[in-house]
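Letters A, B, C and D mark the chains as written, and numbering starts fresh at 1 in each.
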Amino acid sequence: MGALFEWSWLIIAFPLLGFLINLISTGQTRERTVGVVASMAAAASFGMSVLVFAALLARPPEARLVEVSLYRWAIVPPLTAEVGLRIDPLSTAMALIVTLVGTLIHVYSIGYMAGDPHIRRFFMFLNLFLASMLLLVLADNFLVLFVGWELVGLCSYLLIGFWFEVPYNAWAGRKAFIVNRIGDFGFTLGLLLLFWTFGTFRYGPIFEAVEHRAVEAGVVTLITLLLFAGVTGKSAQIPLYVWLPDAMAGPTPVSALIHAATMVTAGVYLIARAHPLFAMAPFVQGVVTLIGAVTALWAALIAVGQFDIKRVLAFSTISQLGYMVAAAGAGAVGAAIFHLGTHAFFKALLFLGAGSVIHALEHAHRHPGDPSPFDPNDMRRMGGLAQRMPLTFWTYGIGAAALAGLPPLAGFWSKDEILISLRGIGGWATLAYGLLLGAAFLTAFYMTRQVGMVFAGSPRSHAAAHAHESPAVMTVPLGIFAFFSVVAGWINAPGLGALSAWLEPEHPPVFHPEQALLATLIALAGIGAAWAIYRPQAWPEGVEDPLRPVLRGFFTALTRKLYVDELYDFLFVRPFEKVARGVAEVVEPYGIDGAVNGLARLVQSAAGRVRRWSSGYVRQYGLSVLIGAVLLMFYILWMLR
Amino acid sequence: MGELIVFYLLAGIAIATALAMVITRNAVHSALFLVLNLVVVAVFYLLLGAPFVAMVQIAVYAGAVMVLFLFVIMMLGAERVGGATGLRWQAPLAGAMGAALIGGALFAFLQTPAGLAPAGSLPAPLGDPATIGERLLTTYVLPFEITSILLLIAMVGVVVLARDSRSEGK
Amino acid sequence: MLWWPLLPTLILTAGALGLLLVEAFRRPGSASGMAWGALGITALTLGAVGALVGHQEIEGLYRMVRWDPPAFWLSLTILIGTGLAILLSRHYLADQGMERGEYYVFLLLAAAGMLLMAVAADLLIVFLALEWLSFPLYVLAGFARPRLESEEAALKYFLLGAFASAFLVFGIALIFAGTGLTNLSDLAAWLKHPDPGAQPLVWMGGALLLVALGFKVAAVPFHLWTPDVYEGAPTPVTGFMAAATKTAAVAALIRVFLVGLGPAVALWSGPVALMAAGTMLVGNGVALMQSNFKRLMAYSSIAHAGYLLMGLLGDPALAVPGLMFYLLAYTLATMGAFAVAVGMVGPEGEDQSFRAYTGVARRAPGIGTAMALFMLSLIGVPPTAGFFAKLLLFAAAWQAGWIALVMVGILTTVISAYFYLRVVVAMWMGPGEPARLPKSDLWVRLSVALTGVGTLLLGVLWLMFGGLSL
Amino acid sequence: MVTLTHYLALSAILFGIGAVGFLVRRNALIVFMCVELMLNAAGLAFVAASRYRGLLEGQLTVFFVLTVAAAEVAVGLALMVAIFRTKKTTNVDELSSLRG
């Protein structure tokens, strides 16, 4: 069996091969072929993941850790890094989720992207993303993880700005890039500190050192805090979540795969992976748990006031990531990964369903040749799609119910386990528990609102009235995802507990009937409250949203995303701009968006002064040399004292 | 004592000619003061037991190089340059920095006891052309060859730079 | 008398002089034959360098030169930069109406001087090599004569270069006055048991050497010539200066400061650290203000000088391989970027403002992708070579305890993302249709492709650098 | 007694004068002559050190510096003549079109 593990690098190699094939294939390749090649590469990777998983399963629980050495980076003595793969329950579980969801979304994209002139580029990036994500997951050290981390980020920016002809999309890609830079700045410092402390990047020796308490807790606290800064960027937690809603500018399959199911969960994976480190820093664990819980509630609240079908899902994703981060922070790695898995299925389902709706509306709109601007994402222009797109409706309904946490669907089990894991710890965890219950209510509420606005009642636009069901290449993956959204939770159901036993043999899942009842009641309450407001009969003609009269000004605040973008603009961007303008007349020959470039302006104003040295006069340049020489000389004299 | 007087006398001339070269307005005068300065330094070379270097200094430097300078100045009619400059702080600041450089260097040298040592014994034949020639072809053969290449590069470079590209007719 | 270390320099010089003869007797017309010849000679020299790869240490010619692993890597990088510069030049020279064969002769001669610098083991050789590589560069900078910017660039470079080399000579004189030595290994031995009475002289001399070499590598505050000269010089020459000259200057820094003055590291590390920090801040900061691509690359070259200076301070076991790797990665990315810039030059003249790049990538996605790759490598985004290069240097400096300096390095790296990405943004997302498209010249395309692939592959292949030390 | 310090001090003074001259004169030819003065000062330091250390190396080095300086003069003057043909000036302050 050992020989199989030696080949586990194929999991990463297959998508990379797909990328290369599409890279070197000529421009004449039929677009269908491109998609099929990419999908087959993803499928092969999934197959290999299954094989590795099975091989690992065949081993006794205590032997389920295989380190495959691929590459000896014989750099120089202090920095010896060995590149290898770490095959263990956590990484194989992640690889399975990533490759399965990835394969299905590749197939779906063949239909969704048909006719796009840049389809080859699209599939290349998608394959590259898959390979990078798998590298991140399977790496056996923090450095390679970071390489994967940056690569998935790169793919993400490229795909958000895929339709860069629209300036907003390009801007959104850049916003994601820059916001993530802030998080990665912390991450980089954390990595350096990690290396400085442990002298290696490899998980094994680091965890061993932690186990033997060979390092100071204070340093570990700082390291984990810095790593968590990276997590807030990539996994869209407060305060760096602002990029994810704008990331919806990318094609819908990208939103489903990268910005819902896989890449954004990298942060959760990082916390789970570095769990031994976090376990040594209880303070940071508290911070992580609380930030996760607050994010969950906060994003759920904003989701209630959104009209863009994908934005609702984006805020929902942020909210659900908050659940995972909270659980991972509290040390419940099993629960976090469990929710990561179920969420990957039902959120991908929801995104693809939303894509199907958008696709249908776009086609219906284009049909009569109406040149007026039309936003196919706007839920206010939908309604009554249940009869016109039954397959999409039913699958979407299943996804929504799973997200809302209705038993016996997937979301119910995983959310339940997170809530249970937070009980009985006390302190911050109890607070987080309360916040997450509130978020659960809001989740049920906004999903019901969305289903009501999109599918119930009568059409509120010409396009909605003429929409048709999407082609089979899109609906079949919907069905498959719907199936998983139903059953994925069962693997960890009471009495079975397979996933938790797999990830954490020492912590079997517990099932509290009263907790399950409470969660179900809360979900039902959310659904009931939303249905009371949004049922077609309660919705008078011409009213934009029946919730607006109920909440008044606060609803407007919700539609404006609680003014966080404005707040950041006020707190960071404006002051920098003011200072920059005050200090120097900065010439800005190329329009840069103010929203993200405040820091650059500040630097620019300082640089403007330095730049005046470059006056063009040789003699002045010479003077600078002489001044430098004199300074150096006096430094020497000072040393000679 | 007499040695010291000669030194100070020559040093005074060297500094004076250097200053005059920097200060005088006319480029031709500048060049001539530089020639004087080079000659004084050549005299120092003789005093320091380096007759060969002194001869090279006179022949190559004071002779050929400075003649070239004078020739170009005359040819371009560049005795004086006109036009105002925008660099108001340049001269005072440069002067201050130059003074600081000199002052700092002198301060450091005065703290160097090794520099106060009397002249070591440089056996007479060492500084003569024959010995130097022998060294040039043994220990210093590589720098010697490099220098010849440098002269060649300079020559070709001058040809390339001086050729009138407009009338090449290629 | 071992003269093996000189073999690459000799081959290149002999080849260049042979080309000069050919140029003297060939009939007027296209100079592409000269370009082929220059390429062939460069390849031959690469072969000679390759033949010397296994040798650990050869001292030769009365200990004037010395071959060791860094010499190999430096020579390799210089020759790669030279080869790419030749590839870029043919199309450019023809378009600009300056197709004269001497151009290639001077390019090769400058490279020969740089190769000499890579093996220098004596301060005298450092001085001569510096002059050797500078003379042809002065001529090349002014090669677009009678275009005034080119001439102005040449004169500025020349005057300031001469000024700086006077500091070098005076510095060597002071060191010689203090120790009676010019050989770098002897100097290191002397510094281990210094004569306290002579130390002020040696240290003053070291300070002046730092001025001159800081000038050549374009470190703050000796950097001011860089943007003007880069802007005015013919574009392929600018690329050559940014890549190969930088490598040669770092070679000089390694030879003088790590080999010669290595034992006195505690003394020069302070000023070098300040210079490194200032260079990173000023280079990256002022780059934000640039709207001309060549000036942008000049400030980029200044900024990278800062990172390279940081490398001098790092733990040598890690830093020296780091410097070698950094130079190679930097050479590939910089020459690639200049290849794109040269591709944008047409017979009607040269517009290197960002406006000229607007939207180009949409019409030429291959070029656009390659440019994005170069810019990412210059920022240091994985998996490009630039990332690993920066990582090595940062790790080396961190190991040596220069934590604040590493912070400055990371901070300026973040800043640098803004201006490097502006190029990419202009090319991919700039409004409107491009005014001009890149030429489909095979040589330029080839260099873009080579550097692009190299930038990507190098990231993977850096394990080759194992076991490399001074 | 004349010591090495005397000579070094003189050469430093000449070097400093040359450096200041480089920075205050506008005529490119004089600017360049100032560089020659600086090199000359360095040469003096070499020869003096050679004498006081009883070594020949210093003299040989001066020989090389002299030769290289002569070559440099040739290149530099050719450059200045070339510029004069285009711009009709040797004022370095008028050659400042490249800046920023």
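In this text, a contact is a pair of C-beta atoms (placed from the backbone, for glycine too) under 8 Å apart; a residue touches a chain by one contact, two chains touch by 3 or more.
What you see is a predicted model, and the numbers here were worked out from it, not measured in a lab.
Counting hops only between chains that touch, chain A reaches chain C in a minimum of 1. Here C-D and A-B were compared by C-beta pairs in contact; the pair with more is C-D.
Inter-chain centre distance (chain C to chain D, centres taken as mean C-alpha positions): 26 Å. Averaged Cα coordinates give chain A a centre that lies 69 Å from the centre of chain B. Centre-to-centre separation between chain B and chain C, using Cα means, comes to 30 Å. Separating the CA-averaged centres of chain B and chain D is a span of 6 Å.
Along chain B, residues 86-87, 90, 94, 97-98, 101, 105, 108-109, 111-112, 114-115, 140, 143, 147, 150, 153-154, 157, 161 each make contact with two or more other chains. For chain D, residues touching at least two other chains, in rising order: 4, 8, 15, 18-19, 22-24, 26, 31, 43, 48, 52-53, 64, 68, 71-72, 75, 79-80, 82, 85, 92-93, 95-100.
Counting partner chains per residue, chain A has residues 611, 614-620, 622-623, 626-627, 629, 633, 636, 640 touching two or more of them. Judged by the touch criterion defined above, the protein chains are all mutually in contact, each touching every other. Across the complex, chain B is touched by residues 6, 13, 17, 20, 28-29, 61-62, 64-65, 98-100, 102, 105-106, 109, 116, 124-125, 128-129, 131-132, 135-136, 138-139, 142-143, 145-146, 177-178, 195, 197-201, 204 of chain C. Across the complex, chain A is touched by residues 19, 22-24, 26, 31, 92-93, 95-100 of chain D.
Residue ranges on chain A touching chain B, taken from their complex, read 615, 617, 619-620, 623, 626-627, 629-630, 633-634, 636-637, 640. Contact residues on chain B toward chain C in their complex (touch as defined above): 105, 108-109, 111-115, 138-143, 146-147, 149-150, 152-154, 156-157, 160-161, 165-166, 170.
Put simply, chain A touches chain D in their complex at residues 611, 614-619, 622-623, 626.
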